[in-house]
Structures are given as structure tokens and as C-alpha cells.
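Following are the structures in question.
You will see two complexes here that share chain A, one where it goes with chain B and one where it goes with chain C.
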Partner chain A sequence: MKHSPRETMIAPQTARPEPLLVVRGLSVTFATDQGPLKALDAVDLTLAPGETLAVVGESGSGKSVLSLALMGLLPPTAKIEADALTFDGRDLTGLREPDFRTLRGTAMSMIFQEPATALNPVRRIGDQIVEAIRLHEDIPAPKARARAIEALAATGIPAPAERAGAFPHQLSGGMRQRALIAMALVHRPRLLIADEPTTALDVTVQAQILDLIRDLARETGTATLFITHDMGVVAEMADRVSVFYAGRLVETAPAPALFSSPEHPYTVGLLGSMPQMNARGAPMLPIRGTVPDPRLMPPGCHFHPRCPFAAGACRTDRPALREIRPGQASACHLAPLIETLEARP
Partner chain B sequence: MTDLPAGEIPAGSSSRTWRRMRRNPAMAIGVTVLTAVVFFALIGPMISPYDPYDTALRMRLKPPSAAHWLGTDSQGRDLATRLMYGARTTLMLGLAGVAFAALTGGAIGLLAAFYKRLDNPLMRLIDVLLSFPSILFGLSLAAMMGPGLHSLILAIGLSIMPGIARISRGAALSVMAQDFMDGGRVIGLPDVTLMRRYLLANAYAPILTYVTLAFGDAVLLAAALGFLGLGLQPPTAELGSIAAEGRSFLFIAPHVSFAASALIFLIVLPVNMLGDTLRDAADRRAS
Partner chain C sequence: MTAPLLELRTVRKDFALGQGLFAKRRILTALDGIDLSIAPGETLALVGESGCGKSTLGRIVAGLMPATAGEILFDGHPPARGKARARQIQIVMQDPFGALNPKMSVGELIAEPALLHGLVTRGTTPARVAELLSLVGLPEGVAPRYPHALSGGQRQRVAIARALATDPKLIVADEAVSALDVSVQAQIANLLKDIQARTGVSLLFISHGLSLVHHISDRVAVMYLGRIVEDGPTADLFARPRHPYTRALISATPEPVPGSSADRMHLTGEVPSPLALPSGCRFRTRCPHATDICAEVDPPRTAEGAAHVACHLAHRLPAYQSQTPEPAPRLQQAIALYRAAAARLDAA
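Our next item is the complex of A and B:
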């Protein structure tokens, strides 16, 4: 590919550039037959250009709803409220659908969890990429085709010219995910949302795809919102991490800080549930219980019924997101946790 | 896909469907009979020595002979020639009716699946249409608008449209639930493109199957309306009205009604066999 290699923007802690994405107080409520269902509850998020933010949480934590909200893909039954929702300086809340459509595919793009079903099964891979190119760029078909093959080649697909003529079902899962990545990055978007892109893949392919996303994002200066529930993937990919629980943001921190000193009991639990290669035989520390039914959320801190430290205030008051140390904030009454732990026998 | 040897790439699902259909004798019979009837209706009028409207009172109600292979009708017209023109008219009516129904019903079903807020209003409208017996609905419409080609096509189309709308919606809804619909949105495709290349392109198989079966219904309905005198008016040759004309002479010249009815049967039966085969082929592909 003939990219002029841009300077990569690392070190989000120091000289932080203008944020690309600002989300403040984002709530999403679905109208259901059983009444309103709050999938996201006053969530904050910022993402700097070129930065990789991992959004972590269990199924039902609202992380996929977040990605759909950012892409403007939520169904009309969803009510979106936000104090601020800006992308590249533009307010997304009032954006009309035609403008949003232009934004999608050019400035922001997305790859999905299930590469088997994310491509249109009745159209050839190459045709789908050509379509994506020509939708936003007025270039002749042969030129777009060459670009599509180039994009496939950049994802490491062998014999890209032949693969371009293949239907999705003729490719392996890894190949399909590569094709999706090629399609998503063909306009060099400023933001790539990756919704559990490796969950459905073989372990050996997972690492390759992760490397690919990271390399291509770095090359194109694309900021990545990486949605996952796999802490191993987080460690591999993320500059910063935001942890979601039951529709709320419970902790956000630079990745190293999150791993060395988590400040929310839920994060501690997530890390404890991770199998450790070098601690064989040591017991894992799973989190008790299950995510509560979104219609029957416990009062106070949503996590308190499962929290080993839960105290009085946890059962009544919603904890606010507080900065514990620079860059790290936790929504826990008891943070910093180290003091809580020391106060106990 | 599990029945394929490892490494073999299927040449495309449509050709596999085709192979399955060819192995099916019902398919072969259906295609042969239908082709023969269509040839009879399209080529027949060109080679027949008789005019379907030339009456010959001396030749009334003659049984089949060397000159008149199927005999003559109550006006002395050559019955074989009448049936050729009649089959052409009836086939055309059925085709136009089913085309109208497929376009409107398909559009309604796809729109209802694609735009959630249209779903309820559109489908309640379909429920209303479905709550009439379709023949009664077609009849009253034809009576209301007065006889004529357009009202007849509209009546036939409107009475088979609700079923097509329902099937289309169902097929489209199952496609809507798939990730690639969001995948298409993510690259910024406009709704029209999404509906055509993503939604319809993946949902068409069951719709097409149903439309094939509905074509048989449309032909039957056209003939029924003709039989009841609500179709095209005499002397226009139409299978239903030919059968009705022959009814008055059923005991002295049964060949008229019998030949017309047999021809209707020979159109509808192969169409239904074809539709069933298509449905089975699509079903097996899905499983």
C-alpha cells in the first residue's frame, strides 16, 4: 500500500491531543413490552486520535449497545440521551441520517464479532469492497477494483486477486475477518470500532488478526475502540481500558495501571477470572453470581450483590466515577481498594 | 455443505438447487407439461387454420373429427383454436395478476421488515385483506370496477397479494436479523441499496417459491371469474368462459366443457408441482 507512514501518536498520558471522540453521560433506553430497559446508564468515554481504548465487560454489560450507538445503528426503539456525544468536533446526537451515512464508512467504521455472517453471502468479496469504495469516492470501477485487491493484500490474504472473486462461504473464518478489516479500513477511517473481532476465531488465528488490526490502525493513524471480554486481548492491544458493568462505566485506566492496581472490585474479579499461564494450579478467583436482569437492577452500586467488599453505602447510593490517581478513575465507594483491604483482617 | 468432499468448493448454491430439482421426476413432468401448454397457447394461434371468432351455425357442437381435432363449440367455432386463444388469455391474466401481486406484496413485506415502524400499519392492512375470502374479494372488486382487462388483473392481483406480502415479510425478517445488514450500514450504504442487494438478494428464494404457487392460484382465479361471467366478456376466448359456455350443452356435447377444464388442470397442476419442487429444494438447502 502506498501509505505515507504517519507519526504514531502514543503516550496518551502526556501531551494529550484534542480528543477524537467525546462521550459524556450517554444513556440508551430500549422500549420493550415489559417496560423501558436501560442498556447504558450515563456512560463517559474519550478517545484520542490513534489511541486504542478497550471496552471490557460481560455479556449484557452494554458494550455492544455502545458501539451501535456510536455508529448510529441503534433501532428507532432505542432512546439515546447524552450530555455530549461528539466525533471529530461534530455533534452526533442531532446528525441527520444522510450525514451519518457519509460519516460511516469514511470517518468511522466497524468490524464484527461473527465474520461468518457479517459479509453479504450472495456477493463476491471483491464486489463488496468495490461497493464500499465507490460509495464514498467517485472513481472508475477498474481503479476501485485495484484498490480493493490492494486492501485485501494489505491484510495478508494470499492470492488477493483470486480471493476477490470468491464468495464469503468459500473463505475460512480468519480470511473473512481479514476481508472485513480490509473493507472497514479502505477509506482510512479515523475511528475503527472492533466488536469482539476475534471471539469467533481459532486461537492461532486470533493473534494474527489482533496483530493485523494493530498494525493497520497504526499505519493509518486510526483510533480503535476495541470491545472485548477477554483480558488477554486487552493486555495485548489497549492503551487504555474502560470497564463496563450492567450498563455503567465502573473503571477507566491506562492499561498498565489497570492490570497492576485495579480500583474496582469488578475489575479485580475480571482479572482474577483470567487463567494464568505462570500460576498453574493456583485457584482462579471467579466472580460470584451473574449479571442482574436489566429490569431488576439492584439499587446503589449495581455490583454490590456480587461484591465481596460491599458495605452500607454500596446498597443505597450510586457511586460516582472518581479519579483515584492520574488517568485512573473508579466508580466504587471503597476505592482506593488497597486502603479498604488493609483495613480488613 | 457437509456432504461435500473436503476441498471441493461448491459452484454456487443456485446450481446445486438446480441439480436437486433435475433429479426430481415431479420437476421433469411439471416442466414438460407446462412447456407443452405454453407452446400450445403461444404457437398454436399462429399455425391454426381457423379463426377463433368465425362462427358457423351449421357446424355447431360437432364432436372431434379430422378437420376439427377437438370438435366445435355452440357457435360452430373450432374448439382447439378457441382453447389456444383462451389458454393464452388465461395464462396472460394469471401472469399479470401474479406480477402485480409479487411487486406490491413483495414491496410491502420488505418495507414492513426493513422499517420497524411501518410493520404494524402495513401488516394490519394485509390482515384486513386476508379476512375476506379471496375469491369473494376478487369478485366484488371485479363487479365494482366493471368487467375489463385492468379490473380483472387488479382483482386477481389484490386477492393473492396478501399471502405474498406475509411470506416476504417473514423471509425478510430472518435476513434482517443477520449481521451483514449492519455490515452494509456500517460502510454507509443507503437504504434502497441495502434493501435490494442485501435484503432481497438473500430473501428471494422462499418468496419466489411462493410466487410460483401463487401463479397457479392466479390462473384458477382468472378461470373462475371467467366461468362466473365476471371475467373478460364474450366473444373473447378465455378458458373459464369457454367452460361456462359448454355447460349449457353438457349432456349433448360434453367435449367443450371437458376440454376447457382439462386445459386449466394442465396449467395449474404442473405449476403447483414446480412450486413444490422449488420449496423442497429451498428447504433442503436451508437445513
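Our next item is the complex of A and C:
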């Protein structure tokens, strides 16, 4: 097993419940015609029961590969390595597909960006939810049907008994996402993985769906892994945030700390490139350059070719994830940023 | 006020649905009574949610489809047709991959419009391609490469270079940055503003999101179900939105400050089908302020200084409280350091 460089472990906080999900040193490598492609490079993650962790990153960050790895949905060609990968105390690394399938249906479930592709287009919404219920629970069909309609009602779908008879194409994008959420939560999972669930929705409908996910998760005590590229959505949803760049975890912090005092230049760049952080009429602050080709990752810190602060060690040594403040860790040689930069000549 | 470059008067667009042998023929009115103008060198943003008609309007302006009724004036005259119009008005779409022929190199793609319009000769083409590449911030080395070898941001730069090849007076940017990563969106937004400052081109910036619109546009028109419900100068519209729908759109946009969504204004329900428009005001089924008159009378568009609003209750709404919170001081400090360091690198 390869170990990621780690000088200080993040101190486990006292009086915290046992984590539901523990990921340590997770790497995922795909074999391609042009050689191995490392989509995730020794990343760490913990999630407490009932907590919402936002995983933020742009294209190529590895955030979607992470969700597929946790759900056991990666193709067999993917090579998965991990120092630890446990869910509810169970080791997921050696888990066989039939056991994973049971876990996926009941204890963890997932919602996606485009609900249309996650629903069967030729079957009625209600029938699909009934099937999801009866796959893992031995209850009679009428009872399952009543549960399905109840689940639809809980997501705020008007006239749920009638909508249960609709086909996916007869519903709007927002209604389809509600139906998918109903299906995902029907077994009261301990973990919900939400992969860009509102990206395809209009902003007023997005606001409704975000509220719905937050309220239902709170009611059922479900922990949420919320994958997104939108820092506005993160601010709204997350208790804690993990920022990914080019397959690596670069910063993790409680949401208030991340937004008040980011400690990785990439996090600063992400926040700085939002229109809200730029004076009206003045040029925006973009992140220079583009995400590196995953087959030709730069040495040292993956962000150094785009980082305006990069110096010496950034180009040669992989920075370890170091705790900067309680609960906040950054994989940057220069953290704490402001102190280091102001001390520069 | 300068004469507008583009003017739309009561433009309407109908689509006929169900033209099959046995299907009942129905008419979907995608645009209804659109009045709009764009000044030379101005950026007008057209915002609204899916199905509001903003892309249809963009296509009509670009000459990709005809209007059913109404008047369109370009430089004071009905716009030319076909090639002559395409030379003056160009469009950049959301998906640059779908808009670029995968079998043509970047150089060929950029040269094509200029050759098509007879603006360059074989001899002057390489110089023009080099000029356009530099205008959109691409190195000359990408000319022999193919679209698949470029990043999304680079492909969008190629699409913009193609649009600029004919020296147009107006560019319609239809969700031109929506598919790009946030950090790249900022690059392309800067590029568009930079090109505008250098060439004086007008921009019709069509977007479903408000954040970038607030930042780069001079004026904003908000659309709902085929109508413009409010338009006005950008700073004024965001500081004092007069239409409940504009307020809801601003309020629903997530801000990158934790805790800022607490007193968000909520819209219930979804946009009604354009085939079953509500009576009176089209927004009334979702409007938290709607009263009897809203169901009976279609509100007219009335002038409010430099702005227009179509709402019976515009003067009776509670005063608007802007909820945009300030970023934390330490974050602002970190961004300032980042900006200064990036500027030093760009200068070097």
C-alpha cells in the first residue's frame, strides 16, 4: 500500500460521534491506451452521521470518480487502492457485488445531475419506486404502493397519487428530480450521495430542491455527500467542505472557516473567480491556464503551474495535508497563506 | 441617446405543434410583444429560466429563424438577409464542441468565415488567422490542431474567433460560458469585455444565471414565458428590482457566503406550460403578491425612469432589501494577494 505524505494527521475531535464514512489514502487508476490515468490520488475523507460534506471541484478533479468508488460502481478496469475505506464500520474494499448491491439499495443511495437518465423511461414513476422498495423489503404490493405515494408526497410533488401513474417524460426536470429523491430516500439510507443534483435545474427550482434535500436529510438523519462545482451551493448546503483539484484533496475545512479564511491558493482562486467577488465593471479574476492533462500531471503540487504564489518546493515536492486551524487542513507548502505571503520580501 | 444598433418592436414568434395527419394543430407562442433595443458597444443581458423564449429571441436576432410578426431594425433599417446579415450579426453558442467541425484544424475553422465572406485572399489569410488568434488569447501554435485536442475554454475561444472573423457589429452569446468551469468562465467573460473595448462590438448576452450578468452587462432584460417582465440599467435593476419575478431570481441565486440564504424569497411551483398560459399576468400562478386584478388584466409594460416593468403591483410591493452579504475580510485579503500576484505574472 502506498502512503500519501502526511506530516500531521487531523486531530480527531472529541465528543464527536463515530464517523459513518472513513476514506484514507484512496487512489483510483484507470488503464488507458496512453498509459495509466490516476483519477484519484491518495485522498482522505470522513463523514459523520447526519453531516453534510460538500466535495467541490472543477472538471477533472476526480469528484465524480470518488462518488462512484464509494458506491462500488466503478468499472472492473479501475484499480482501487486504499489505506482505509469503511462505511458504518464495514470494510468496503473487499466487498463483493451482491453485498454491495444490498448496501446500495438500503444504507446508501445516490441522486444524479440528470434524473431523466436515472429513471426508466418506459415505466411509470410509482412502479419504479414500488420496485425499489420491494427489491429490499418483503412487503405486499399495495403496501409498497402506499409507501411510494407517501414518499412522493414528502418531496412536495402535488397530487402524488396521480403523479405516481406518470411516465418520466411527462414530468418537468424539477419533478423528476423530486421523484428520484423520493426513490433514493425510501429506505431511509444512512448516506445520500448527491452528484450535482441541481446543476441542470433552473435557479428558482434549484432553490426548492436544495431546501428539500436539506430538510429531508435532517428529518431522516441521513448524512449527505454533496458533490458540486458551485461555491454558492456549497455555502448554502455544507457543514464541511473538501476541495479537490486534479485528483487530489487540496483543502478541507468547516464551511464557515473555508469561506472566511481559505488556506489553499486553489480555493482562493475558485472563490476569487466568482462574479460576486469581483467589482462590477472591473476585469474578473480568473485562474490562469487550464487543468493539466491527467496523464501528464506536473511534479510537486498539481496546482503549481497555475498558482500565482508558486515557488521552489511547490515545483518538486508534493505538499502534505497539514492542519492549519482546528478542523481545517491544507495541502499547500505556503499555508497559512496570508502570514507566509506577507513575510515574503 | 445614440441611435440603437438593433431595435425590436412588438416581435412575436409562434410555433405550430402537432402537424401530423391526425394530430390537432396547436400554436405555441414563444415570444409575445417583445420590445428591445441595443446601443452600439453596449452589452444587453437577456435572462430567464428554461422555456422563457430567450434563446428563440437570440436566434431571431441572429437571423437563424424568422419572427412571426413585429418589426426588427438594424442600424435603422430592416436587417439584410442571409450572408450579409451573418456578416454583421454573429452568434456564439453554449457548446463549442458541437459548433466546430471536428475535421477542420483551428486555423481552417478561423479562416473559413473570412474566406466565405470574401474578406481575405489566400495570401492574406495566415495573417488574419494570426491576428484573430491573438485577439482571443490563443497561441499561434494551436492553428494546426483539431478541436478535440483543445480544452472547453480554448474551444470557446475558437468559436469567438470565428464570430469575430467578419468584424460583426453585434455578437449574440447564447449561454456562451455556461458549460465552462467557473475559473474558465471568468477568462471568457474578460475576453468578451476586452474585445468589446477594442472593437466596439455590441453584445446580446443570453444567460440563465444572474451572477455573471450582474458583473458584465450594461442593461438587463428579464424574461418570463415569452414576455419581458422587467428591463433596466444593470446596477439599478439589481439594487431595486421592481418585478416580483426579478426579485425571486436574484433571491434564489446562491451566494458564496454561508448563512446568506436564510431569508430567501421562495417561489412555489414551476413555470406553466406555454400552451396553457394563465389569464392576466403570466407570472401570477407563482407570484406571492398576486391579487384579483392580476388574474384579470395582462399588465402593460410601463416606463420607470430608464427602466420598464410589467406588473400591476410594482408600486405596492414592500421595499426591496438587498441580501448580498460582504465576503469575510480575510477572504478579501487573500483574493487581493492572489490578484496582485497573478497581475505580476501576467505583466512579466
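Rule of thumb we're sticking to: the second predicted complex is superposed on the first by the 321 of 345 C-alpha atoms of A that agree within 3 Å, B and C clash if a C-alpha of one lies under 4 Å from a C-alpha of the other, contacts with A are read in each partner's own complex, and residues count from 1 in each chain.
What we mean here is this: a residue touches a chain if its C-beta (ideal position, glycine included) is under 8 Å from a C-beta of that chain, and two chains touch if they have at least 3 such contacts.
No experiment lies behind these values; they were computed from the predicted model shown.
In the overlay built on the shared chain, the residue A:Q34 is in contact with neither chain B nor chain C.
Residue contacts after overlaying the shared chain place A:V203 against chain C, while chain B stays out of touching range.
Residue contacts after overlaying the shared chain place A:P75 against chain B, while chain C stays out of touching range. Among chain B and chain C, the chain that touches a larger number of residues in chain A is C. Judged by the touch definition given at the top, the superposed model places A:M231 against chain C, while chain B stays out of reach. Of the two partner chains placed by superposition, only chain C is touched by A:S260; chain B is not. Look at A:L135: by the touch rule set out above, it reaches chain B but stays clear of chain C.
Taken together, the two structures place no residue of chain A in contact with chain B in one case and with chain C in the other.
On the side of chain A, the complex with chain B involves touching residues 68, 71, 73, 75-77, 101-106, 109-110, 112-114, 117-123, 131-132, 135-136, 167, 169-170, 180, 183-184.
Listing the residues of chain C that touch chain A in their complex gives 49-50, 151-154, 181-187, 189-190, 193-194, 208-212, 214-216, 234-235, 248-249, 251-261, 264, 266-268, 270-271, 324, 327-328, 330-331, 333-335, 337-339, 341-342, 344-346.
Per the touch definition, chain B reaches chain A in the complex via residues 1, 9-10, 12, 116-117, 178-180, 182-190, 197-198, 201-202.
Contact residues on chain A toward chain C in their complex (touch as defined above): 58-59, 172-175, 202-208, 210-211, 229-236, 238, 255-256, 259-262, 265, 268-278, 280-281, 283-288, 290-291, 308-309, 337-338, 341.
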